[in-house]
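Please go over the structures that come below.
There are two complexes below, and they share subunit A, which is joined by subunit B in the first and by subunit C in the second.
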Partner chain A sequence: MKLGRYQIKLEKKSGFTGWQAAVISIVAILFALFLVGFIFLQAGVDPALGYQEIFSYAFLNPFGLPLTLNRAVFLLFCSFAFIVPIRAGLWNIGMAGQAYAGALGAFAVALALGAKGSQTPSLPGGALVGLMILGAMLGGMAVGAIPGILKGKFNTNEIVTTMMINFIMFWLVAYMIKEGGPFMGSGGEGEGFKLTESVRPPLFKDTPFTLWVSLALAALLYILFARTKIGYQIRAFGSSPAAARYAGISPVKISLLVFVAGGLLAGLAGYHYFAAVPGLYKIPKNYGDFGDLAFYGIICGLISQGNPLASIPLALLFGGLTNGGRFVQGKLQLGFGIDYALLGVVMIILVAFQFFFRYRIILKKAEKEN
Partner chain B sequence: MWEFYARSFNASTIFMVAALGELIGQRAGVMNVGVEGAMLFGATIGFIVAKTTGSYLLGFLAAIAVGAAIGALHGFFSITLGGDQVVNGMGIWILGFGLTAYIGYPYTGPLGLERIPSVAGISPFFFLGIVLIAVAWFVLFKTNVGLKLRSVGENPSVAEVSGVNVVRTRYLSVITSGMFMGLAGGIYALDYNPVWNYNFLMGWGFVALALVFFSMWNPFILLGGSVLFGALWQLSLNPELLFEDTVSRYIWRTVPFVVTIGALALMSTQWFSSRWGAAKPEALGMPYEKD
Partner chain C sequence: MTDIKHGDIVLAAKGITKRYPGLVANDRIDFEIKAGEIHAILGENGAGKTTLMSILFGLVQPDEGEIYAFGKKVHFRSPLDAIDLGVGMVHQTRKLIPAHTVLENILLGHPKAGTILDMKRAGEEVAQLCKHYNYPLDLNAKVWHLAEGEKQMVEIFKALYRGAKVLIMDEPTSALAPPETEKLLESIQVMTRDELAIVPFITHKLPIVLAVSHRVTILRRGQVVARLDTKQSTEQSLAREMVGRDVIFRLERGKAARGRSILRVENLSAFDDKGAQALTDVSFDVHEGEIFGIAGVSGNGQQALAEVLAGLRKAKSGRVLFDDAEISHLTSLQRWQKGIGYIPAEQRTVGSIGNFSLVENMLMNYHFDDAFSKWGFLNEKKARQLTEALIAEYGVATPSPDVKARGLSGGNLQKLILARVFSRKPRLIIVNLPTQGLDVGATEFVQNKLLEARKSGAGILLISEDLDEILALSDRIAPIYEGKFMDVIPAESAVRETIGALMAGLEKKAAA
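Entry: the complex of A and B
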């Protein structure tokens, strides 16, 4: 292609360094934010002011910051749930359903052991919290195992199965908490029961302990992929399933493993938001919003190129943007769903920017044509 | 009873048209997992245009046009830039989900136009859907264009050597594919259930995607699958039309998704593919690069 006196050439890249990836990702995010600026303009709001309000509420405001952190932790668990399978080349887009399953698992334990509403449970709070977390992990794992087995044994398309399970779990939660369902709260307003005081986990500086769990998991997963045999097997399967099979790596084992692990991690996301975030301690009526938020996990996972540590700043950024976005909607009287619009625009720009991971653009002075 | 059948046919129309679009794209080797996103765009833009102009015709044209644009976008990513088709399709879906939630929100509520007339409760679009299926089958299997289209989905390098313009053929099919998805969204939002609500599809597009795998890439099997799933979906929405005093309606809502997983798993077994063969286009999902 020619542009004036310059010749533009595309050259295939053989690989890229972590820094190149980071630069491309940052440019992509900035470009997406620039495009969303037009949405502000269209709504009659100065984009600079809009972003200033978003960022100052999300990261500087004493009310906004804890909300940002809560969202970031949720996103971080969801990112991990996406990352572990994607390292094996498999798509887990079922974080929403797995998070719902985690929430149901945790609340089932709470209900069974008498931690509902104003009841006094027979077990001490700490033990109950532990069991609830276990319930959440088991719930997520059970739901994650389904696409894992189907993919491993029959090569069933995991995108369709994980998405189907999102819908199944969405309606199952509705069944459990609404219209006389077993988890319905006493208010009868179509939401789940509230946890009793003793199983509400303690806060460290206004943030739930799950924040530290998520950070520790980031490090753990990083080591898993970089240093361990199983991490190597997952990556080998991801780069070439056929070669990995030839090397004796079982596809059934790998797909089951990554999806069960993904389910477990997303289950923790469900536990975190519904059972550990202050002020909630129940499955709320608008639980679907959190399922939608889970899709940001795909974005964090893709931008970070499957690196759990790199997901931390991304989860923080998108946690802040969605939280601040919700805030400015009310304050600047924007339409509903600026956080949804952002989700869509960031995703498609990211897809477009994939190109720069594969090609280098070379600009050179055109030679004289003969 | 008849009401149930009529509504099922109407529901099946949406699956039929959307899945037919996907089938056309996949036959040319381009998979779009973002069917639901393209449908959301068609539905939302069609709804807004019809509501503001008061014209169904303009609404449907807008739905088809935005579908074509989304198809072209997917084509640009998948054919020109040559990226991973799954990633691109996910982009289309999340873009559709996110952006339509924002764009459509001010129009939340009923369409407020007189309903499109139906024949004994069956929408005219059901008949249109069947015609489209038949035409698509004829074009795909009985014409030169169809041969070219299938050849770029099976083996693009060979097709190129024999004089088929792979890039142009693939673009043509993804744009057509997008038009069908947009139309399917339009049928949903303007005829089947003319009320706008955020993310109202809740899985129609993903089931349509699964239907293409069930159809073994044959439009007539797709027709059968769509009618079955239309009935199943309608049953999950209104079980009271067939059964009295049944389990919670929320449990019913999970049924089509459970059946989809079961059917998809069955179809991917060795037992099934060794009996009915795999009609999957050879080059499905693979970007084509000219040497």
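Entry: the complex of A and C
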């Protein structure tokens, strides 16, 4: 590319280590926060004050912190759902639909076994909770299997199929909870029914047990990729499908496996937010917001370079930013959605930083034409 | 730059050193190329030839040393700088876009392409160039229609059209059939004779070096050990300088007990990737303790045959039997487990995974082996031990088994793949171009390994374009042409010229 008297060239640099990547990410995040400071200024708010409000609400406030954690756990499950397929070189952007499917699966179990509203279910609470989790996993897996089979058998583009399933699932949830489907709540407010007391899972240290499940899963997935046979096969397929096939690894099996696993993990995200977070215990009217949040699982997964442990702090940060952002919007009377503005800028800057660190820009004086 | 005379030094390197973790790939190398000469670089696998050429082309930055182009000190930050100064490179792995035409490929990335896209004029200029070098090319043909040799020439014309005065070629003939090789070498000679294109080229084929080059530089372990005039060299002397000892160019085929039939192929037909018929009604069998050689120029159906047998391609019709049991429907995994080993010709894209370590690459043929995993966990220690042992046995030049396969030189990667498959002790080995890219010492080593496997009772299906290799190793020889066997000839009655003619499709099968 020519720019005046200068010529700009891009050159790809060789790979960098995990630590370098972490440093790049941190610097990028700080830079993004700096940029968003101008948005605050524009709105007549001192950026320092704005950030102080966001962070103290998100991470220190006794009301804010649990909200942050709940969002972070949801995000974490979604980033796992992205990471497992991406290690096989496949793009799952259907976390939203799979999370909805998980929620529907869990609530279908609850409905079938009489755990609705003020009814008394026929089974003890613990067993029901277990079955609901199973239902959530099965729901996510079923929806994940579709792009998996289509990819493995017919090489259909997985981005397109997962995206389409997101839309379908969105409308399916709408039907189930407000357009006459069996999950409608009693109040007629366009929400799903509420779970009975006995199937609301107990809290551990004041947090939903799913938080601990998600942390354990991060460690398990890490070990899966680093040490196990199946992890090796997934990575081999992700690095070179032709070489993997030569090595006896079946493309159909891997495609199906990673998407079913991805669906399962996203299904748990749906279970977590709608059935395990205190004060909710239903599929709410604004369930679409969680579909939007699910997309940030892609960002977490990409920035963490497919490392499930590295996505923990990222999920926490993004969970906190959306939560705190929403809070200051109300408190400081900002006229715009600062939460998504923040996430959007962080995302763009992160991607840009990754790009600039991967490529070296060469600026040289263009030679005179003879 | 028009005042270059024959014999002027056009490109020189002084004291070039390049270190990689754990090894010195280039160690204080001095090197120069003169206008109008063909300069061959020789050296064992991993000696540092590709590294040196990549430095001269700006692909790799040296740690120390200076480069002079046309008498001026230069600093190549990237290949673009090198191209600006008239240095071009033709890589072994081609970088053309198959769906585009020849002309489009030649113009692609040309510095002028953005500003003046006068296709007609450019086309005429390129056509002029082709005519000048007496190599007719259909500029409007799509690249995927071309033969390997023609693609190679497209790469060369691409570099020449950009004004290359120095042309670097890394193993230009290793993917070419013998007649294509000859044509290519003729063109190269024309280039140096009347123009000032200079071609330092790298190859392991000593007869080629002797036939076309003027001077030879020999590298050993990153250092220059000899600079010779080709006229005063022989195959023996070149090999001695390269390896540091005398190399015997003779194989002891010996006798091996021919056992029962282990592979039986009946009326096999298959398509290639483009959906064209690649293999037509081929039938043969391979016995235990036998090397069955398929001699042919690449692109005559060998690839499809090997892939069908390895379970990587569906046959159109016909049957395959292993050990008297039909295996046509088995997956590639099941075939590995039954004791069928496949060594593919595409070492970088199929035979190995570039961003995996050598240990992980070893696991490509062992991840499914119960001895290497327990409760779903891979036994890394065992895989590492095996890798280390094989690296030692096969003399793979690498600082550690933890380096990525991408960092291995071509020949060393080939050794690693061979070691991996042989170590499984397969009962049937399907091997496609086993010695491509190997130096003379390693070629000898690998051929002996094949003979060893034969002696221990394995059946071997050897696919090669190298007639000498086929004749030296095979018990029976099947020349293949356009997807059909022209004949099946026992080694005792094989005549070189006949087989050569059959490979070229010149004679019809004598008896049915």
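In this section, the second predicted complex is superposed on the first by the 343 of 370 C-alpha atoms of A that agree within 3 Å, B and C clash if a C-alpha of one lies under 4 Å from a C-alpha of the other, contacts with A are read in each partner's own complex, and residues count from 1 in each chain.
One rule holds in what follows: a residue touches a chain if its C-beta (ideal position, glycine included) is under 8 Å from a C-beta of that chain, and two chains touch if they have at least 3 such contacts.
Here the structure is a predicted model, which means the values were calculated and not measured.
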Discussion item. For A:Ile146 in the superposed arrangement: first (subunit B), second (subunit C), both or neither?
Written reply: first
Practice prompt. Have a look at where A:Leu342 lands relative to subunit B and subunit C in the superposition and call it first, second, both or neither.
Written response: first
Practice prompt. Quick one: classify A:Phe295 as touching subunit B (first), subunit C (second), both or neither.
Written response: first
Worksheet item: Who does A:Ala352 touch here: subunit B (first), subunit C (second), both, or neither?
Response: first
Practice prompt. Classify the contacts of A:Gln233 with the two partner chains as first (subunit B alone), second (subunit C alone), both, or neither.
Written response: second
Worksheet, complete the sentence: subunit A contact check, subunit B vs subunit C, more residues touched by chain B
Discussion item. Just checking: does A:Gln52 make contact with subunit B only, subunit C only, both, or neither of them? Give me first, second, both or neither.
Written reply: neither
Practice prompt. Mind working out whether A:Trp171 is in touch with subunit B, subunit C, both or neither, as first, second, both or neither?
Written response: first
Fill in: subunit B/subunit C common contact set on subunit A
none
Response to the item:
In the complex, subunit B touches subunit A at residues 33, 73, 77, 81-84, 86-88, 90-92, 94-99, 101-103, 105-106, 198-199, 202-203, 206-207, 209-210, 213, 248, 250-251, 253-254, 257-258, 260-261, 264-265, 268-270
Worksheet, complete the sentence: subunit C partner, complex, touching residues on subunit A are 9, 11, 227-230, 232-233, 235-236, 239-240, 242-250, 362, 367
Worksheet entry | Interface residues, subunit A side, partner subunit B - complex | 39, 91, 93, 146, 150, 154-157, 159-161, 163-165, 167-168, 170-172, 174-175, 178-179, 181, 292, 295, 298-299, 302, 335-338, 340-345, 347-348, 350-352, 354-355, 358
Worksheet item: If you look only at subunit C, which of its residues touch subunit A in the complex?
Response: 77-78, 80, 84, 310, 312, 331-333, 336, 342, 344, 346, 349-356, 360, 363-365, 367-368, 373, 376-378, 380
